[in-house]
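You will see two complexes here that share chain A, one where it goes with chain B and one where it goes with chain C.
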Partner chain A sequence: MIIYVTTIAVLLLLAPLLLSFIKSLKMVLLFKRPSSLLQGYRNFSKLMKKETIISQETSSITTYAPFLVLSPLLVTMFFLPPVVHGAFYVSFVDAFTITGLLSLSTFFLMLLGLDSASAFGGMGSSREAFISALVEPAMVLTVFSVSMMAGDLGIGQAGVNLAEHFPKEHMASFLFAGISFFILLIAENGRIPVDNPETHLELTMVHEAMILDLSGVYLAIIETAASVKFVIFASLFVSLFIPLGLQYSAPVAILIFIAKLFGVAVAVALLEVNTAKLRLFKVPNLLGISIVFAFLSLITFYVLGA
Partner chain B sequence: MFLFDTLSLIFIALILLGAIPNLFYSFGYLPHIKRKTHYQIHYFAFILSMLGVVVAGNALVFLFFWELMSLTSWQLILTKVEDKETIKAARFYFFMTHFGFVFLLLFFLIATNGNLDSSFADMKNIVASFAYPTLLFFMLVFGFLSKAGAVPFHVWLPYAHPAAPSPVSALMSGVMLKVAIYGFARFLFDVLYPWPLEWGIVVLVIGSISSLVGVLYALSEHDIKALLANHSIENIGIILIGFGMGMIFDSLGFKTLSTFAFIAALFHVFNHMSFKSLLFMGAGSVLHQTHTKNIEKYGGLIKSMPVTALTFLLASISISALPPSNGFLSEWMIFQSMLGSYNIADMSLKLAIPFAVFALAITGGLAIACFVKAYGITFLGLNRSKNAKHAHEVNFLMKSGMILMSLVVISLMLFTPFYIFWFDKTLVSLHHISVYAKMFPHGFWNMHSVAVHGGVVSPLILLASLVGVTLLLLFAYKALHVKTRVHRTWGCGYKTSAKTQYSATGFAGPIRRFFDWLYKSNEHFHKENIGEHETKFSDSNYEVHVKPLFETSLYESSKKLTNRVSYWVYRLAHFEQTRYAAMIFNLMLLVLFSYRIFLHEFSWATFSLEFIVVIISIKVLIIGDKK
Partner chain C sequence: MVDFFIGLFLASLITALFTTRLYRLLMWYSFNSFTLGVLALLIGMKLQDNAMLITGIATILIKAVGIPYFLKSFSQKFHFVRQITPEIKVQYAIMLIPAILVFTFYLAEPITNMIANNSNYVAISISSLFLSLLLMMEHKNVAPKIIGFLSMENSLFLLGITATDGMPMLVELGIFFDLLMAIIVINLLFHREEMKNA
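Showing the complex of A and B:
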């Protein structure tokens, strides 16, 4: 139980750091002077001190939606697979529920975008709706396939099973599912090539457009939600597809887990530096690749058993 | 004569749950209706006839109430008879419902051997000796699913529901479609029981296609009630996916999985009743206040109509299958039952099921997009028209109808194990095995799937933790005493106005563009340019119209074909009496020969001989010499 609580606390604390890490790594790779690793925390504490400006066109949705965006994600944090062998994990939640909770958060985020009557908000919501509609089938199919290899749909149990018995005999389908999930990680967190989190150019904005009218604490909440979402996806990816190093003692295992999270962050940063942002209407192709890999994973598992 | 078994009782409960909140709403709506007596008579007759259908114990009573249900709902669509569109929609509905009725009548005539007052048990015995049960199955599909609104018989829904007064659309979409599902289930279970594998696959395919088609056309719709009607098609599809999975598992011998899938379908029947009724009531309230069905003319209604907005939000979350709502729970169960396809030995079927999973998942994603659009454009932002500006909250009766219905939604969410207990009982009474103990092995907190690697969901804990965390965050926010200031929305230096907001057409734009190969949309773009400038204009107008593919391809083209054939026959006749006589003679020949072919022994030799005889006689007697 102590390990369980510690892990969640560590993940929460780590969330802003990971995104700042990606940003500064990207800057290093682009020969720029990197921003501080603590920038995420600085932004947070500054935003918490600022006053909140609420648009006069908004309704009660803007007052409550930021909390409803963050709370499903915070709840999801409690359902992640264990990072240490034999640690406590929540057994009554399965992967479909997690998918649903993430969609719930996105649902309120999209409503938030439409609430302020600005053209930007609507545009962001519309694009997000388009992307997340196509993410959904890929996500469900990947979950379907992973649950077969892990022998359980329950997300905690699946993580434990995969760590105890690495699916060597199903390496091909495991790999396909991993590729599919990595594409989802990028798409759901709005990273390049799907969305560019750094610019405020209307052609490229998705996530930033929806939250353009937020400020102060509300903005801090939404930014926290974004970083928590990234941590959730990264740790799901790490627990399900790199289930190694859980057998060591608790501090070591947690350190290994954190190292793996940073590994994912490095991968995302390298991908971001090496690709350009896709046009919105090319994004379905990328998500289509993800769907195809998920199907491939299922088919190889069924037909070849590999 | 009447039958009160568990399946009937469950559906009586469904009708009452759907009808009682609707009564309140309907009385609140009454001042809006001109022909009050006409409306009330048909309204109550409609509810009673639906109750009659689900308790009917023999074919004659069933058909009587079924036809009464069709006719009363047809008259209810005609409530606002001064509208030309209404008459057209009602005529279409009348045609479609009787198209189904013909097949039902045929089914009953065959299954009862002409003796229409025989009970369902007798029908089972007669059907057991009938040589072509698949024929009977397809009659059920045509008969009931044309009423339920499954593809390809779904075309009437987006016309009939908007034309009817809102309480009636709520009843028709929420309850009447479910009565059709009841009929389908009743005769499949009681009369046609041992199902071949193929029937389940047919139902599964119909379900998958319906769910996709429904949600895709819902996205392109601007009429709020037509949008909801399209979502009914989608949800009937989801129910049929569950139903089809149940049939497939049953014929393969996976009895527990089969019961589980049927429970999922029944649960979704209840859920769809609750949230779709609520949505239609909300849409009706909005329509009542703004006097327009066009979603582009709404906006900002959450400020003037808070109760409607809140209940609509609850229903939107539920229909989008977001946790911890009841819609999520039933969709979760359907996903779980599909996960059970892991056990199927037949490889081609096993590989086909993921495609149904894909259809259901993309339906879920698009449904979220569609309800963000419906909710966001209707209730959020600025008023998009004068009508929306003058809207205010509806009267007490209508409000209480909506609140009662949202209580039904919430009860389905909170008391899931209770409802599932009764669905389980129903399936046990239909000779399936019980899975309740397997689904809730440790009390009512956790709901387990019966699939091999199945998952667990605990709706109450999810709900409690979501509410708890949100409240904690809210309290923390309150404790911070954050200074707030109200200011204009940032519009890049320009003023934010109703026209600068995103429209519903714009919101669905990316999805519409992606699925354009299906929509084949018809764009109208009009721009008043200033002088010679291409980019400067004083006024512009952009509209997109999507004509449903099934309607253009299946219905319009069959209409064209019929026209062409009848024109050809008409030209042949030339108004000469001898020709008419010749045609009658040929028709008789055809009937005699086909009687011989179908009912007596068949041989290619006689068949080809008769074929040649008929061709020659047509050529010589009817067509004659070409001039």
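Showing the complex of A and C:
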């Protein structure tokens, strides 16, 4: 139980650090002077101190939607697979629950964008709906196929099973599921081929457009939600597709887990530097590839057993 | 480990089907051939077959490095269209590719019953054969059609090394010379295209 709580606390603390790590690594790769690794925490504390201004046009949704964006993600943190062998975990939560919780959070984010009644908010919401509608089937398929390989529908149990018995005989379908999930990780977190988190140009914004009217505490909450979402996806990826190093003692295993998370962050940063942002109507192609791979992983597993 | 590289082989082929740039397509073809070479090395080591090790190294040298390099220099020389949009729209391709895969997996079932070991690999190589046919079909330009032809050859090679526990060395070398001939014919084709454009 202690390890369980510690892991969640570590993940929460690590969330802003990972995003600022990606940002500074990208700046190093582009030969710029990198920003500090602590920038995420600095932004958070600065925003917490600032005054919160709410537009007169908004309804009561704006006052409670930020909390409803963050809370499903926080609930999801408790359902993640364990990082240490023998640690406490929730075994009964399956692909549908995780996807549902994540899309609940996205739903309130979209409401928040619509509520401010600005042109940007509605545009961002419609784009987000467009992308997340394509992400959900692929996500369900991928997580489902991985949990079939692990032999249990629950994600926590699947993570444990994968760590104990790595599916060497199902390596091909495992690889397809991994590729699919990595594309989802990029699409759902609004990283570069799908959405650029750093610009405020109206042609390219998705996530930023929805939160343009927020300030102060609410903005801090939404930014935290974004980083928590990245950590959730990264740790799902790490514990389902790189299930190594769980058998060591607790501190070592947690350190290995953090190292793997940073590995995912490095992969995302390299991809962001090397690709250009896709046009919005090309995004379905990328997500289509992800759906094809998810489906392929399922049928390879069922028909061939490879 | 063999499963992993078979997966990479099929994955790179599927990614090539969605590519819209010529150089990216060449890169995916090169990656595809590289995984094929590694597969030949792995299976050759398992079977203690020296001939297969040699063909694996030759595959990596010729198909993963040589042919993409030559095709790239050809396309620079003859100023090819580098933007190759597939004729089949992506939304149809998303439905078509899984359909082809399911169809071929069930198509290969009688064959897989005949083969004792590695029966899955036969199904995957037949499906990659069909996918490279699709790659030839979905483009109008010459260069991606050639890539489709070459990757069809790749999947036949995969079928050869996985289904038969190693073909005779002579056959494999013959296939390599065939490829060389094909490249020369392709070069002539390019020249004709050039003449037509001029």
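We take it that the second predicted complex is superposed on the first by the 306 of 306 C-alpha atoms of A that agree within 3 Å, B and C clash if a C-alpha of one lies under 4 Å from a C-alpha of the other, contacts with A are read in each partner's own complex, and residues count from 1 in each chain.
We adopt the following convention: a contact is a pair of C-beta atoms (placed from the backbone, for glycine too) under 8 Å apart; a residue touches a chain by one contact, two chains touch by 3 or more.
Worth saying up front: this structure is predicted, and the values here are computed from it rather than measured.
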{"item": "Chain B versus chain C as contact partner of A:L11, first or second or both or neither", "value": "neither"}
{"item": "Which superposed partner A:E51 touches (first chain B, second chain C, both, neither)", "value": "first"}
{"item": "First, second, both or neither for A:A226, with chain B first and chain C second", "value": "neither"}
{"item": "Touched partner set for A:V292, first chain B, second chain C, both or neither", "value": "second"}
{"item": "Partner chain(s) touched by A:L175 [first = chain B, second = chain C, both, neither]", "value": "second"}
{"item": "Residues of chain A touched, compared between chain B and chain C (which is higher)", "value": "B"}
{"item": "Partner chain(s) touched by A:V303 [first = chain B, second = chain C, both, neither]", "value": "both"}
{"item": "On chain A, the residue positions that both chain B and chain C contact, one per complex", "value": "284, 291, 295, 299, 303"}
{"item": "Residues of chain A touching chain C in the complex", "value": "168-176, 179, 284-285, 288-289, 291-293, 295-296, 299-300, 303-306"}
{"item": "Footprint of chain A on chain C - complex, ascending", "value": "1, 3-4, 6-8, 10-11, 14-15, 18, 90-91, 93-94, 97-98, 101-102, 105-106, 120-121, 123-124"}
{"item": "Contact set on chain A toward chain B in their complex", "value": "48, 51-61, 64, 67-68, 70-72, 74-75, 78, 91-97, 100-101, 103-104, 106-107, 110-111, 113-119, 121-123, 125-127, 129-130, 132-137, 139-141, 144, 147-148, 150-154, 212-213, 216-217, 221, 280-281, 284, 291, 295, 298-299, 302-303"}
{"item": "Residues of chain B defined as touching chain A within the complex", "value": "300, 302-303, 306, 317, 320-323, 328, 332, 335-336, 339, 342, 347, 350-351, 354, 357-358, 360-362, 364-366, 368-369, 372-373, 375-377, 379-382, 445-446, 449, 451, 453-458, 461-462, 465-466, 469-470, 473-474, 477, 480, 482-491, 496, 498, 500-502, 506-511, 513-514"}
